[in-house]
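Several structures are given next for inspection.
Next come two complexes built around subunit A: one with subunit B, the other with subunit C.
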Partner chain A sequence: MTFQIVINLIIAVMWMLLSESYTVPSFITGYLLGILLLLLLNRFIPDTFYLKRVFKICRLILLFIKELVLSNYDIVKLVYARKPEFEPGIFALPIELKSNWEITLLANLVSLTPGTLSVAVAHDNTHLYIHAMNIDDINEEIHSIKSTFEKAIMEVTR
Partner chain B sequence: MYKPNDLIFRTTTSLIAFILLGFSIYLLLAGHNSPGGGFIGGLMTSAAIILMYMAYGSDILRKILPVNYRMLIPTGLLIAAGTGIGSFLFQQPFLSHTYNHFHLPVFGDLELATAMLFDFGVYFTVLGVTVTIILSIAEDR
Partner chain C sequence: MLLLIETWTEIISNIIIAILLLSGSFFLLSGSIGVIRFPDVYTRLHATTKGATLGISGLLIGAFLFMYTQYGIISGKLLLAIVFTLLTSPVAGHMISRAAHKAGVKPVTKNRTDEYEKAIQREKQHQK
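And then the complex of A and B:
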(Lines of atoms letter the chains of each structure in order from A and count residues from 1; the text may use other names and numbers.)
(Lines give C-alpha, C1' and ligand atoms only; values in the text may rest on other atoms or scores of the structure.)
Protein backbone atom coordinates (compact mmCIF):
# COMPACT_ATOMS: atom_id res chain seq x y z
CA MET A 1 0.00 0.00 0.00
CA THR A 2 2.48 2.66 1.12
CA PHE A 3 5.12 1.17 -1.17
CA GLN A 4 2.84 1.60 -4.17
CA ILE A 5 2.02 5.19 -3.24
CA VAL A 6 5.73 5.96 -2.89
CA ILE A 7 6.46 4.41 -6.30
CA ASN A 8 3.62 6.40 -7.82
CA LEU A 9 4.95 9.65 -6.35
CA ILE A 10 8.48 8.82 -7.55
CA ILE A 11 7.18 8.28 -11.09
CA ALA A 12 5.28 11.56 -10.94
CA VAL A 13 8.34 13.50 -9.75
CA MET A 14 10.51 11.76 -12.34
CA TRP A 15 8.03 12.80 -15.04
CA MET A 16 8.25 16.40 -13.84
CA LEU A 17 12.06 16.27 -13.90
CA LEU A 18 12.19 14.72 -17.38
CA SER A 19 9.65 17.06 -18.95
CA GLU A 20 11.32 20.00 -17.13
CA SER A 21 8.03 21.64 -16.26
CA TYR A 22 7.46 21.96 -12.54
CA THR A 23 3.74 22.61 -12.57
CA VAL A 24 0.67 20.92 -11.14
CA PRO A 25 -0.63 19.65 -14.53
CA SER A 26 2.61 17.87 -15.32
CA PHE A 27 2.60 16.31 -11.86
CA ILE A 28 -0.93 15.04 -12.46
CA THR A 29 0.14 13.67 -15.84
CA GLY A 30 3.02 11.83 -14.22
CA TYR A 31 0.77 10.53 -11.48
CA LEU A 32 -1.74 9.15 -13.98
CA LEU A 33 1.15 7.52 -15.85
CA GLY A 34 2.30 5.96 -12.58
CA ILE A 35 -1.19 4.57 -11.95
CA LEU A 36 -1.17 3.05 -15.42
CA LEU A 37 2.24 1.45 -14.91
CA LEU A 38 1.22 0.08 -11.52
CA LEU A 39 -1.87 -1.43 -13.12
CA LEU A 40 0.30 -3.04 -15.78
CA LEU A 41 2.83 -4.48 -13.34
CA ASN A 42 0.31 -5.48 -10.71
CA ARG A 43 1.64 -9.05 -10.54
CA PHE A 44 5.08 -7.87 -9.44
CA ILE A 45 3.83 -6.34 -6.24
CA PRO A 46 2.69 -8.66 -3.45
CA ASP A 47 -0.06 -6.32 -2.32
CA THR A 48 -3.31 -5.59 -4.18
CA PHE A 49 -3.57 -2.50 -6.33
CA TYR A 50 -3.97 0.46 -3.98
CA LEU A 51 -6.69 2.31 -5.89
CA LYS A 52 -8.98 -0.61 -5.07
CA ARG A 53 -8.61 0.38 -1.45
CA VAL A 54 -9.38 4.01 -2.26
CA PHE A 55 -12.51 2.78 -4.03
CA LYS A 56 -13.43 0.77 -0.92
CA ILE A 57 -12.97 3.88 1.24
CA CYS A 58 -15.37 5.79 -1.03
CA ARG A 59 -17.83 2.91 -0.69
CA LEU A 60 -17.55 3.08 3.10
CA ILE A 61 -18.32 6.80 3.02
CA LEU A 62 -21.36 6.23 0.79
CA LEU A 63 -22.54 3.41 3.05
CA PHE A 64 -22.20 5.69 6.06
CA ILE A 65 -24.27 8.41 4.35
CA LYS A 66 -26.95 5.86 3.47
CA GLU A 67 -27.10 4.52 7.03
CA LEU A 68 -27.19 8.08 8.39
CA VAL A 69 -30.25 8.99 6.28
CA LEU A 70 -32.09 5.75 7.08
CA SER A 71 -31.48 5.83 10.82
CA ASN A 72 -32.37 9.54 10.97
CA TYR A 73 -35.67 8.64 9.34
CA ASP A 74 -36.24 5.94 11.97
CA ILE A 75 -35.52 8.32 14.84
CA VAL A 76 -37.83 11.00 13.39
CA LYS A 77 -40.56 8.38 13.17
CA LEU A 78 -39.96 7.51 16.83
CA VAL A 79 -39.99 11.15 17.94
CA TYR A 80 -43.21 12.05 16.18
CA ALA A 81 -45.08 8.86 17.09
CA ARG A 82 -48.22 9.52 19.08
CA LYS A 83 -47.45 6.86 21.69
CA PRO A 84 -43.75 6.09 21.28
CA GLU A 85 -42.95 2.57 22.33
CA PHE A 86 -39.29 1.90 22.47
CA GLU A 87 -37.01 -0.23 24.54
CA PRO A 88 -33.56 1.26 25.18
CA GLY A 89 -30.71 -0.92 26.34
CA ILE A 90 -27.00 -1.63 26.26
CA PHE A 91 -25.62 -4.69 24.53
CA ALA A 92 -22.12 -6.03 23.91
CA LEU A 93 -21.02 -6.33 20.31
CA PRO A 94 -18.24 -8.85 19.70
CA ILE A 95 -15.78 -7.39 17.19
CA GLU A 96 -13.21 -9.08 15.01
CA LEU A 97 -11.30 -5.89 14.29
CA LYS A 98 -7.81 -5.79 15.73
CA SER A 99 -5.99 -2.50 15.27
CA ASN A 100 -6.73 0.67 17.21
CA TRP A 101 -7.73 2.65 14.13
CA GLU A 102 -10.27 0.05 13.01
CA ILE A 103 -11.93 -0.05 16.42
CA THR A 104 -11.95 3.74 16.68
CA LEU A 105 -13.50 4.06 13.23
CA LEU A 106 -16.19 1.49 14.00
CA ALA A 107 -17.05 3.10 17.34
CA ASN A 108 -17.31 6.54 15.77
CA LEU A 109 -19.44 5.31 12.87
CA VAL A 110 -21.78 3.60 15.33
CA SER A 111 -21.98 6.79 17.41
CA LEU A 112 -22.62 9.02 14.40
CA THR A 113 -25.58 7.04 13.16
CA PRO A 114 -28.58 8.03 15.29
CA GLY A 115 -30.22 5.39 17.43
CA THR A 116 -27.02 3.71 18.48
CA LEU A 117 -24.20 5.09 20.63
CA SER A 118 -20.95 3.39 21.48
CA VAL A 119 -20.48 3.63 25.24
CA ALA A 120 -17.19 1.90 25.95
CA VAL A 121 -14.55 -0.45 24.64
CA ALA A 122 -13.82 -3.59 26.63
CA HIS A 123 -10.38 -3.79 28.25
CA ASP A 124 -9.23 -6.61 25.98
CA ASN A 125 -10.62 -4.88 22.83
CA THR A 126 -12.86 -7.84 21.98
CA HIS A 127 -16.21 -6.20 22.67
CA LEU A 128 -17.81 -2.84 22.04
CA TYR A 129 -20.60 -1.79 24.40
CA ILE A 130 -23.35 -0.04 22.48
CA HIS A 131 -26.40 1.78 23.77
CA ALA A 132 -29.32 1.45 21.38
CA MET A 133 -32.45 3.52 21.55
CA ASN A 134 -34.80 0.84 20.37
CA ILE A 135 -33.86 -2.81 20.55
CA ASP A 136 -36.35 -5.33 19.26
CA ASP A 137 -33.87 -8.14 18.99
CA ILE A 138 -30.27 -7.99 20.16
CA ASN A 139 -28.99 -10.58 17.74
CA GLU A 140 -30.58 -8.79 14.83
CA GLU A 141 -28.98 -5.50 15.90
CA ILE A 142 -25.56 -7.13 16.26
CA HIS A 143 -25.93 -8.77 12.90
CA SER A 144 -26.93 -5.53 11.16
CA ILE A 145 -23.88 -3.63 12.47
CA LYS A 146 -21.55 -6.52 11.73
CA SER A 147 -22.82 -6.99 8.20
CA THR A 148 -22.63 -3.31 7.24
CA PHE A 149 -19.94 -1.30 9.01
CA GLU A 150 -17.59 -3.99 10.23
CA LYS A 151 -17.52 -5.72 6.85
CA ALA A 152 -16.82 -2.43 5.05
CA ILE A 153 -14.02 -1.50 7.46
CA MET A 154 -12.48 -4.97 7.10
CA GLU A 155 -12.49 -4.56 3.33
CA VAL A 156 -10.69 -1.24 3.61
CA THR A 157 -7.98 -2.32 6.03
CA ARG A 158 -7.28 -5.88 4.85
CA MET B 1 -11.90 2.49 41.01
CA TYR B 2 -13.14 1.65 37.51
CA LYS B 3 -10.75 2.72 34.79
CA PRO B 4 -12.31 2.88 31.33
CA ASN B 5 -10.52 1.81 28.19
CA ASP B 6 -9.18 4.98 26.55
CA LEU B 7 -8.56 3.36 23.18
CA ILE B 8 -10.69 5.72 21.07
CA PHE B 9 -9.40 8.82 22.86
CA ARG B 10 -5.78 7.77 22.46
CA THR B 11 -5.96 6.86 18.78
CA THR B 12 -7.73 10.09 17.85
CA THR B 13 -5.30 12.08 20.01
CA SER B 14 -2.36 10.68 18.07
CA LEU B 15 -3.86 12.26 14.94
CA ILE B 16 -5.32 15.46 16.39
CA ALA B 17 -2.14 16.41 18.27
CA PHE B 18 -0.25 16.61 14.96
CA ILE B 19 -2.97 18.75 13.37
CA LEU B 20 -2.94 21.07 16.39
CA LEU B 21 0.85 21.38 16.35
CA GLY B 22 0.87 22.15 12.63
CA PHE B 23 -1.84 24.77 13.05
CA SER B 24 0.04 26.35 15.96
CA ILE B 25 3.21 26.68 13.89
CA TYR B 26 1.14 28.27 11.12
CA LEU B 27 -0.30 30.73 13.62
CA LEU B 28 3.17 31.55 14.94
CA LEU B 29 4.47 32.37 11.46
CA ALA B 30 1.28 34.08 10.22
CA GLY B 31 1.36 36.78 12.87
CA HIS B 32 2.93 39.41 10.65
CA ASN B 33 0.24 40.02 8.04
CA SER B 34 -2.76 38.05 9.30
CA PRO B 35 -4.26 37.08 12.67
CA GLY B 36 -1.94 34.98 14.79
CA GLY B 37 1.39 35.52 16.48
CA GLY B 38 3.60 34.20 19.23
CA PHE B 39 1.05 34.30 22.02
CA ILE B 40 -1.74 32.36 20.35
CA GLY B 41 0.79 29.97 18.78
CA GLY B 42 2.25 29.18 22.20
CA LEU B 43 -1.20 28.63 23.68
CA MET B 44 -2.11 26.31 20.82
CA THR B 45 1.05 24.25 21.20
CA SER B 46 0.51 23.94 24.94
CA ALA B 47 -3.07 22.85 24.26
CA ALA B 48 -1.75 20.06 22.03
CA ILE B 49 0.78 18.98 24.67
CA ILE B 50 -1.86 19.01 27.42
CA LEU B 51 -4.19 16.95 25.21
CA MET B 52 -1.42 14.35 24.92
CA TYR B 53 -0.94 14.46 28.70
CA MET B 54 -4.67 13.86 29.17
CA ALA B 55 -4.68 10.90 26.81
CA TYR B 56 -1.44 9.16 27.73
CA GLY B 57 -0.61 10.22 31.27
CA SER B 58 2.51 11.98 32.52
CA ASP B 59 4.79 8.92 32.80
CA ILE B 60 4.65 8.07 29.09
CA LEU B 61 4.77 11.71 28.02
CA ARG B 62 7.98 12.27 29.96
CA LYS B 63 9.60 9.61 27.80
CA ILE B 64 8.12 10.97 24.55
CA LEU B 65 8.79 14.67 25.20
CA PRO B 66 11.76 14.98 27.58
CA VAL B 67 11.49 18.77 27.67
CA ASN B 68 12.00 20.78 30.82
CA TYR B 69 9.15 23.28 30.46
CA ARG B 70 10.52 25.46 33.27
CA MET B 71 13.67 26.05 31.23
CA LEU B 72 11.58 27.26 28.28
CA ILE B 73 10.54 30.40 30.19
CA PRO B 74 14.06 31.92 30.60
CA THR B 75 14.96 30.74 27.08
CA GLY B 76 12.05 32.62 25.58
CA LEU B 77 12.72 35.69 27.69
CA LEU B 78 16.37 35.62 26.65
CA ILE B 79 15.43 35.44 22.96
CA ALA B 80 13.00 38.34 23.33
CA ALA B 81 15.49 40.44 25.27
CA GLY B 82 18.26 39.48 22.86
CA THR B 83 16.32 40.93 19.92
CA GLY B 84 15.98 44.16 21.90
CA ILE B 85 19.65 44.30 22.87
CA GLY B 86 20.66 43.35 19.34
CA SER B 87 19.46 46.75 18.13
CA PHE B 88 22.32 48.37 20.10
CA LEU B 89 24.81 46.69 17.74
CA PHE B 90 23.55 48.89 14.90
CA GLN B 91 23.43 52.13 16.94
CA GLN B 92 19.63 52.02 17.09
CA PRO B 93 17.39 52.63 20.12
CA PHE B 94 16.31 49.68 22.24
CA LEU B 95 13.82 47.23 20.62
CA SER B 96 13.85 48.91 17.19
CA HIS B 97 13.08 46.29 14.57
CA THR B 98 13.85 46.07 10.90
CA TYR B 99 12.92 43.86 7.98
CA ASN B 100 14.42 43.00 4.62
CA HIS B 101 13.65 40.99 1.50
CA PHE B 102 15.87 37.95 1.04
CA HIS B 103 16.10 35.87 -2.08
CA LEU B 104 16.49 32.22 -1.16
CA PRO B 105 17.11 29.52 -3.79
CA VAL B 106 14.03 27.38 -3.02
CA PHE B 107 11.50 29.60 -1.30
CA GLY B 108 11.86 32.55 -3.66
CA ASP B 109 11.37 36.05 -2.31
CA LEU B 110 10.91 36.09 1.46
CA GLU B 111 10.28 39.04 3.71
CA LEU B 112 12.10 38.30 6.95
CA ALA B 113 11.65 40.58 9.94
CA THR B 114 13.51 40.64 13.24
CA ALA B 115 10.11 41.00 14.91
CA MET B 116 9.64 37.31 14.12
CA LEU B 117 12.51 36.47 16.49
CA PHE B 118 10.77 38.46 19.21
CA ASP B 119 7.64 36.44 18.45
CA PHE B 120 9.64 33.24 18.92
CA GLY B 121 10.65 34.47 22.36
CA VAL B 122 7.02 35.19 23.24
CA TYR B 123 6.06 31.75 21.89
CA PHE B 124 8.53 29.86 24.08
CA THR B 125 7.67 31.89 27.17
CA VAL B 126 3.93 31.34 26.79
CA LEU B 127 4.42 27.64 26.08
CA GLY B 128 6.63 27.19 29.14
CA VAL B 129 4.37 29.17 31.48
CA THR B 130 1.14 27.46 30.41
CA VAL B 131 2.42 23.90 30.55
CA THR B 132 4.24 24.54 33.84
CA ILE B 133 1.08 25.94 35.46
CA ILE B 134 -1.10 23.06 34.31
CA LEU B 135 1.42 20.35 35.19
CA SER B 136 2.17 21.73 38.64
CA ILE B 137 -1.56 21.88 39.39
CA ALA B 138 -2.03 18.38 38.03
CA GLU B 139 0.88 16.81 39.90
CA ASP B 140 -0.01 18.70 43.10
CA ARG B 141 3.47 19.80 44.10
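And then the complex of A and C:
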Protein backbone atom coordinates (compact mmCIF):
# COMPACT_ATOMS: atom_id res chain seq x y z
CA MET A 1 0.00 0.00 0.00
CA THR A 2 2.70 2.51 1.01
CA PHE A 3 4.74 1.48 -2.02
CA GLN A 4 1.87 2.36 -4.36
CA ILE A 5 1.29 5.72 -2.67
CA VAL A 6 4.99 6.56 -3.00
CA ILE A 7 4.91 5.63 -6.70
CA ASN A 8 1.82 7.78 -7.15
CA LEU A 9 3.52 10.75 -5.50
CA ILE A 10 6.64 10.26 -7.62
CA ILE A 11 4.50 10.25 -10.78
CA ALA A 12 2.80 13.45 -9.64
CA VAL A 13 6.15 15.19 -9.00
CA MET A 14 7.46 13.95 -12.36
CA TRP A 15 4.39 15.37 -14.06
CA MET A 16 5.07 18.73 -12.36
CA LEU A 17 8.69 18.66 -13.53
CA LEU A 18 7.74 17.68 -17.09
CA SER A 19 5.06 20.32 -17.46
CA GLU A 20 7.25 22.87 -15.64
CA SER A 21 4.46 24.33 -13.57
CA TYR A 22 4.82 24.00 -9.83
CA THR A 23 1.28 24.67 -8.67
CA VAL A 24 -1.34 22.69 -6.79
CA PRO A 25 -3.58 22.08 -9.85
CA SER A 26 -0.71 20.55 -11.83
CA PHE A 27 0.14 18.36 -8.83
CA ILE A 28 -3.48 17.15 -8.73
CA THR A 29 -3.42 16.45 -12.47
CA GLY A 30 -0.23 14.46 -12.01
CA TYR A 31 -1.74 12.55 -9.12
CA LEU A 32 -4.83 11.66 -11.16
CA LEU A 33 -2.60 10.51 -14.03
CA GLY A 34 -0.66 8.42 -11.52
CA ILE A 35 -3.89 6.80 -10.34
CA LEU A 36 -4.75 6.01 -13.96
CA LEU A 37 -1.30 4.49 -14.57
CA LEU A 38 -1.48 2.41 -11.41
CA LEU A 39 -4.91 1.16 -12.43
CA LEU A 40 -3.61 0.16 -15.88
CA LEU A 41 -0.42 -1.48 -14.57
CA ASN A 42 -2.17 -3.07 -11.60
CA ARG A 43 -1.11 -6.60 -12.55
CA PHE A 44 2.62 -5.82 -12.45
CA ILE A 45 2.65 -4.09 -9.07
CA PRO A 46 2.55 -5.98 -5.76
CA ASP A 47 -0.64 -5.78 -3.64
CA THR A 48 -4.09 -4.84 -4.85
CA PHE A 49 -4.92 -1.35 -6.02
CA TYR A 50 -4.68 0.93 -2.98
CA LEU A 51 -7.73 3.07 -3.75
CA LYS A 52 -9.87 -0.01 -3.06
CA ARG A 53 -8.75 0.24 0.53
CA VAL A 54 -9.45 3.97 0.56
CA PHE A 55 -12.97 3.22 -0.66
CA LYS A 56 -13.40 0.72 2.17
CA ILE A 57 -12.25 3.35 4.68
CA CYS A 58 -14.78 5.78 3.21
CA ARG A 59 -17.49 3.14 3.56
CA LEU A 60 -16.54 2.62 7.21
CA ILE A 61 -16.81 6.37 7.83
CA LEU A 62 -20.22 6.54 6.13
CA LEU A 63 -21.45 3.57 8.16
CA PHE A 64 -20.22 5.30 11.28
CA ILE A 65 -22.06 8.56 10.48
CA LYS A 66 -25.26 6.62 9.79
CA GLU A 67 -25.02 4.79 13.11
CA LEU A 68 -24.24 8.04 14.95
CA VAL A 69 -27.39 9.69 13.63
CA LEU A 70 -29.47 6.60 14.44
CA SER A 71 -28.11 6.44 17.98
CA ASN A 72 -28.96 10.10 18.54
CA TYR A 73 -32.48 9.40 17.36
CA ASP A 74 -32.73 6.60 19.93
CA ILE A 75 -31.38 8.77 22.75
CA VAL A 76 -33.72 11.62 21.90
CA LYS A 77 -36.65 9.21 21.88
CA LEU A 78 -35.68 7.94 25.33
CA VAL A 79 -35.05 11.42 26.72
CA TYR A 80 -38.45 12.77 25.76
CA ALA A 81 -40.43 9.62 26.59
CA ARG A 82 -42.76 10.21 29.49
CA LYS A 83 -41.70 7.00 31.18
CA PRO A 84 -38.34 5.90 29.72
CA GLU A 85 -38.41 2.14 29.43
CA PHE A 86 -35.04 0.50 29.30
CA GLU A 87 -33.16 -2.23 31.03
CA PRO A 88 -29.47 -1.42 31.20
CA GLY A 89 -26.74 -3.96 31.84
CA ILE A 90 -23.18 -4.88 30.94
CA PHE A 91 -22.51 -7.73 28.52
CA ALA A 92 -19.35 -9.28 27.12
CA LEU A 93 -18.60 -9.20 23.40
CA PRO A 94 -16.08 -11.76 22.18
CA ILE A 95 -13.76 -10.09 19.66
CA GLU A 96 -11.53 -11.55 16.99
CA LEU A 97 -9.47 -8.44 16.33
CA LYS A 98 -5.91 -8.72 17.55
CA SER A 99 -3.87 -5.54 17.38
CA ASN A 100 -4.32 -2.70 19.87
CA TRP A 101 -5.43 -0.05 17.46
CA GLU A 102 -8.07 -2.25 15.88
CA ILE A 103 -9.58 -2.84 19.31
CA THR A 104 -9.39 0.89 20.09
CA LEU A 105 -11.23 1.67 16.86
CA LEU A 106 -13.90 -0.94 17.58
CA ALA A 107 -14.38 0.34 21.15
CA ASN A 108 -14.76 3.91 19.94
CA LEU A 109 -17.21 2.93 17.20
CA VAL A 110 -19.25 0.87 19.64
CA SER A 111 -19.41 3.84 22.01
CA LEU A 112 -21.05 5.95 19.34
CA THR A 113 -23.60 3.42 18.08
CA PRO A 114 -27.20 3.01 19.24
CA GLY A 115 -27.63 1.82 22.80
CA THR A 116 -24.08 0.70 23.49
CA LEU A 117 -21.12 2.11 25.42
CA SER A 118 -17.82 0.31 25.80
CA VAL A 119 -16.83 0.04 29.46
CA ALA A 120 -13.63 -1.99 29.48
CA VAL A 121 -11.36 -4.32 27.52
CA ALA A 122 -10.39 -7.67 29.04
CA HIS A 123 -6.74 -8.10 30.01
CA ASP A 124 -6.12 -10.76 27.37
CA ASN A 125 -7.90 -8.74 24.63
CA THR A 126 -10.47 -11.47 24.01
CA HIS A 127 -13.57 -9.66 25.24
CA LEU A 128 -14.99 -6.18 25.16
CA TYR A 129 -17.35 -5.29 28.00
CA ILE A 130 -20.19 -3.16 26.74
CA HIS A 131 -22.91 -1.35 28.63
CA ALA A 132 -26.20 -1.62 26.77
CA MET A 133 -29.39 0.34 27.17
CA ASN A 134 -31.54 -2.71 26.46
CA ILE A 135 -29.95 -5.88 27.73
CA ASP A 136 -32.86 -8.05 26.52
CA ASP A 137 -31.66 -8.50 22.96
CA ILE A 138 -27.99 -9.14 23.65
CA ASN A 139 -27.56 -11.88 21.08
CA GLU A 140 -28.98 -9.72 18.35
CA GLU A 141 -26.74 -6.84 19.43
CA ILE A 142 -23.62 -9.04 19.44
CA HIS A 143 -24.52 -10.37 16.02
CA SER A 144 -25.09 -6.90 14.56
CA ILE A 145 -21.80 -5.50 15.93
CA LYS A 146 -19.90 -8.52 14.66
CA SER A 147 -21.45 -8.45 11.21
CA THR A 148 -21.11 -4.70 10.61
CA PHE A 149 -18.26 -3.07 12.49
CA GLU A 150 -15.88 -5.94 13.07
CA LYS A 151 -16.20 -7.00 9.46
CA ALA A 152 -15.68 -3.46 8.18
CA ILE A 153 -12.62 -2.93 10.36
CA MET A 154 -11.16 -6.26 9.26
CA GLU A 155 -11.67 -5.32 5.62
CA VAL A 156 -9.75 -2.11 6.18
CA THR A 157 -6.86 -3.49 8.15
CA ARG A 158 -6.28 -6.82 6.40
CA MET B 1 -32.24 36.35 -14.04
CA LEU B 2 -28.76 35.87 -12.62
CA LEU B 3 -29.65 38.03 -9.65
CA LEU B 4 -32.68 35.86 -8.97
CA ILE B 5 -30.58 32.70 -8.93
CA GLU B 6 -28.10 34.34 -6.58
CA THR B 7 -30.76 35.31 -4.09
CA TRP B 8 -32.26 31.82 -4.28
CA THR B 9 -28.96 30.11 -3.55
CA GLU B 10 -28.43 32.50 -0.66
CA ILE B 11 -31.84 31.72 0.78
CA ILE B 12 -31.30 27.97 0.43
CA SER B 13 -27.85 28.08 2.00
CA ASN B 14 -29.21 30.16 4.86
CA ILE B 15 -31.97 27.62 5.43
CA ILE B 16 -29.46 24.75 5.44
CA ILE B 17 -27.23 26.60 7.91
CA ALA B 18 -30.20 27.36 10.16
CA ILE B 19 -31.31 23.73 10.11
CA LEU B 20 -27.79 22.55 10.99
CA LEU B 21 -27.41 25.01 13.87
CA LEU B 22 -30.88 24.32 15.25
CA SER B 23 -30.58 20.55 15.08
CA GLY B 24 -27.10 20.70 16.64
CA SER B 25 -28.32 22.73 19.56
CA PHE B 26 -31.39 20.50 19.86
CA PHE B 27 -29.22 17.40 20.21
CA LEU B 28 -27.01 19.14 22.77
CA LEU B 29 -30.07 20.20 24.74
CA SER B 30 -31.61 16.73 24.72
CA GLY B 31 -28.25 15.25 25.76
CA SER B 32 -28.21 17.57 28.76
CA ILE B 33 -31.81 16.73 29.66
CA GLY B 34 -30.85 13.07 29.39
CA VAL B 35 -28.07 13.61 31.93
CA ILE B 36 -30.68 14.80 34.40
CA ARG B 37 -33.31 12.19 33.61
CA PHE B 38 -31.37 8.94 33.39
CA PRO B 39 -30.81 6.88 36.55
CA ASP B 40 -27.08 6.08 36.81
CA VAL B 41 -23.61 7.00 35.54
CA TYR B 42 -23.55 4.58 32.61
CA THR B 43 -26.90 5.55 31.12
CA ARG B 44 -26.04 9.22 31.60
CA LEU B 45 -22.80 8.67 29.70
CA HIS B 46 -24.87 7.24 26.85
CA ALA B 47 -26.67 10.58 26.60
CA THR B 48 -23.56 12.75 26.79
CA THR B 49 -21.23 10.83 24.47
CA LYS B 50 -23.75 10.50 21.66
CA GLY B 51 -25.73 13.70 21.99
CA ALA B 52 -22.66 15.87 22.42
CA THR B 53 -20.76 14.49 19.42
CA LEU B 54 -23.56 14.90 16.91
CA GLY B 55 -24.67 18.22 18.42
CA ILE B 56 -21.20 19.75 18.31
CA SER B 57 -20.57 18.38 14.81
CA GLY B 58 -23.82 19.92 13.59
CA LEU B 59 -23.00 23.29 15.13
CA LEU B 60 -19.47 23.31 13.72
CA ILE B 61 -20.57 22.26 10.23
CA GLY B 62 -23.17 25.03 10.33
CA ALA B 63 -20.51 27.54 11.38
CA PHE B 64 -18.18 26.26 8.64
CA LEU B 65 -20.84 26.72 5.94
CA PHE B 66 -21.71 30.16 7.32
CA MET B 67 -18.08 31.31 7.17
CA TYR B 68 -17.77 29.93 3.64
CA THR B 69 -20.94 31.45 2.19
CA GLN B 70 -20.72 34.82 3.95
CA TYR B 71 -17.00 35.56 3.95
CA GLY B 72 -15.54 32.96 1.60
CA ILE B 73 -13.27 31.60 4.33
CA ILE B 74 -12.52 27.88 4.38
CA SER B 75 -11.97 27.45 8.08
CA GLY B 76 -9.69 24.50 8.76
CA LYS B 77 -9.96 24.98 12.51
CA LEU B 78 -13.66 24.07 12.51
CA LEU B 79 -13.04 20.88 10.53
CA LEU B 80 -10.20 19.93 12.89
CA ALA B 81 -12.47 20.58 15.86
CA ILE B 82 -15.04 18.13 14.42
CA VAL B 83 -12.37 15.46 13.96
CA PHE B 84 -11.10 15.92 17.49
CA THR B 85 -14.53 15.79 19.12
CA LEU B 86 -15.24 12.60 17.19
CA LEU B 87 -11.95 11.16 18.45
CA THR B 88 -12.05 12.28 22.07
CA SER B 89 -15.71 11.94 23.06
CA PRO B 90 -15.95 8.12 22.94
CA VAL B 91 -12.57 7.81 24.66
CA ALA B 92 -13.78 10.09 27.46
CA GLY B 93 -16.98 8.06 27.78
CA HIS B 94 -14.99 4.83 27.93
CA MET B 95 -12.57 6.13 30.56
CA ILE B 96 -15.29 7.66 32.78
CA SER B 97 -17.38 4.49 32.70
CA ARG B 98 -14.34 2.32 33.46
CA ALA B 99 -13.30 4.61 36.30
CA ALA B 100 -16.86 4.49 37.67
CA HIS B 101 -16.85 0.72 37.51
CA LYS B 102 -13.46 0.54 39.27
CA ALA B 103 -14.76 2.93 41.94
CA GLY B 104 -17.54 0.44 42.62
CA VAL B 105 -20.55 2.10 41.04
CA LYS B 106 -23.11 -0.61 40.37
CA PRO B 107 -25.14 -0.27 37.17
CA VAL B 108 -28.90 -0.10 37.63
CA THR B 109 -30.26 -3.38 36.30
CA LYS B 110 -33.22 -5.59 37.02
CA ASN B 111 -31.55 -8.96 36.61
CA ARG B 112 -28.07 -7.85 37.73
CA THR B 113 -26.51 -8.59 34.35
CA ASP B 114 -22.96 -7.39 34.80
CA GLU B 115 -20.52 -9.59 32.89
CA TYR B 116 -17.56 -7.35 33.68
CA GLU B 117 -18.08 -7.74 37.43
CA LYS B 118 -18.30 -11.52 36.98
CA ALA B 119 -15.08 -11.55 34.95
CA ILE B 120 -13.26 -9.58 37.66
CA GLN B 121 -14.53 -11.98 40.33
CA ARG B 122 -13.40 -14.96 38.26
CA GLU B 123 -9.94 -13.48 37.90
CA LYS B 124 -9.69 -12.84 41.62
CA GLN B 125 -10.61 -16.45 42.38
CA HIS B 126 -8.09 -17.61 39.87
CA GLN B 127 -5.32 -15.64 41.55
CA LYS B 128 -6.13 -17.17 44.93
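The working rule: the second predicted complex is superposed on the first by the 157 of 158 C-alpha atoms of A that agree within 3 Å, B and C clash if a C-alpha of one lies under 4 Å from a C-alpha of the other, contacts with A are read in each partner's own complex, and residues count from 1 in each chain.
The criterion applied here is as follows: contacts are C-beta pairs under 8 Å (C-beta built on N, C-alpha and C of every residue); 3 or more make two chains touch, one makes a residue touch a chain.
If you're wondering where the values come from, they're calculated on a predicted model, not measured in any experiment.
In the three-chain model built by superposing on subunit A, subunit B fits alongside subunit C with no clash.
In the superposition on chain A, A:Val76 contacts subunit C only, with no contact to subunit B. Of the two partner chains placed by superposition, only subunit C is touched by A:His131; subunit B is not.
Of the two partner chains placed by superposition, only subunit B is touched by A:Asn100; subunit C is not. Of the two partners subunit B and subunit C, more subunit A residues are in touch with C. Once the two complexes are overlaid on the shared chain, A:Asn108 sits against subunit B and subunit C alike. Within the superposed three-chain model, A:Ala120 lies in touch with subunit B and with subunit C [touch as defined at top]. For the three-chain arrangement built by superposition, the Cα-centre angle with subunit A at its corner and subunit B and subunit C at its ends equals 70°, in steps of 10. Once both structures are fitted on chain A, no C-alpha atom of subunit B lies closer than 8 Å to one of subunit C.
Within subunit A, the residues touching subunit B in one complex and subunit C in the other are 107-108, 118, 120, 122-123. Across the interface of their complex, subunit C is touched by residues 68-69, 71-72, 75-76, 78-80, 84, 86-92, 107-109, 111-112, 115, 117-120, 122-123, 127, 129, 131, 133, 135 of subunit A. Looking at the complex, you find that subunit B touches subunit A at residues 4-5, 7-8, 10-12.
On the subunit A side of its complex with subunit B, the touching residues are 100-101, 103-104, 107-108, 118, 120-123, 125.
Those residues of subunit C that touch subunit A in the complex are listed here as 27, 30-31, 33-34, 37-38, 40, 42-43, 45-47, 49-51, 53-54, 86-87, 89-91, 93-94, 97-98, 101, 107-117, 119, 123.
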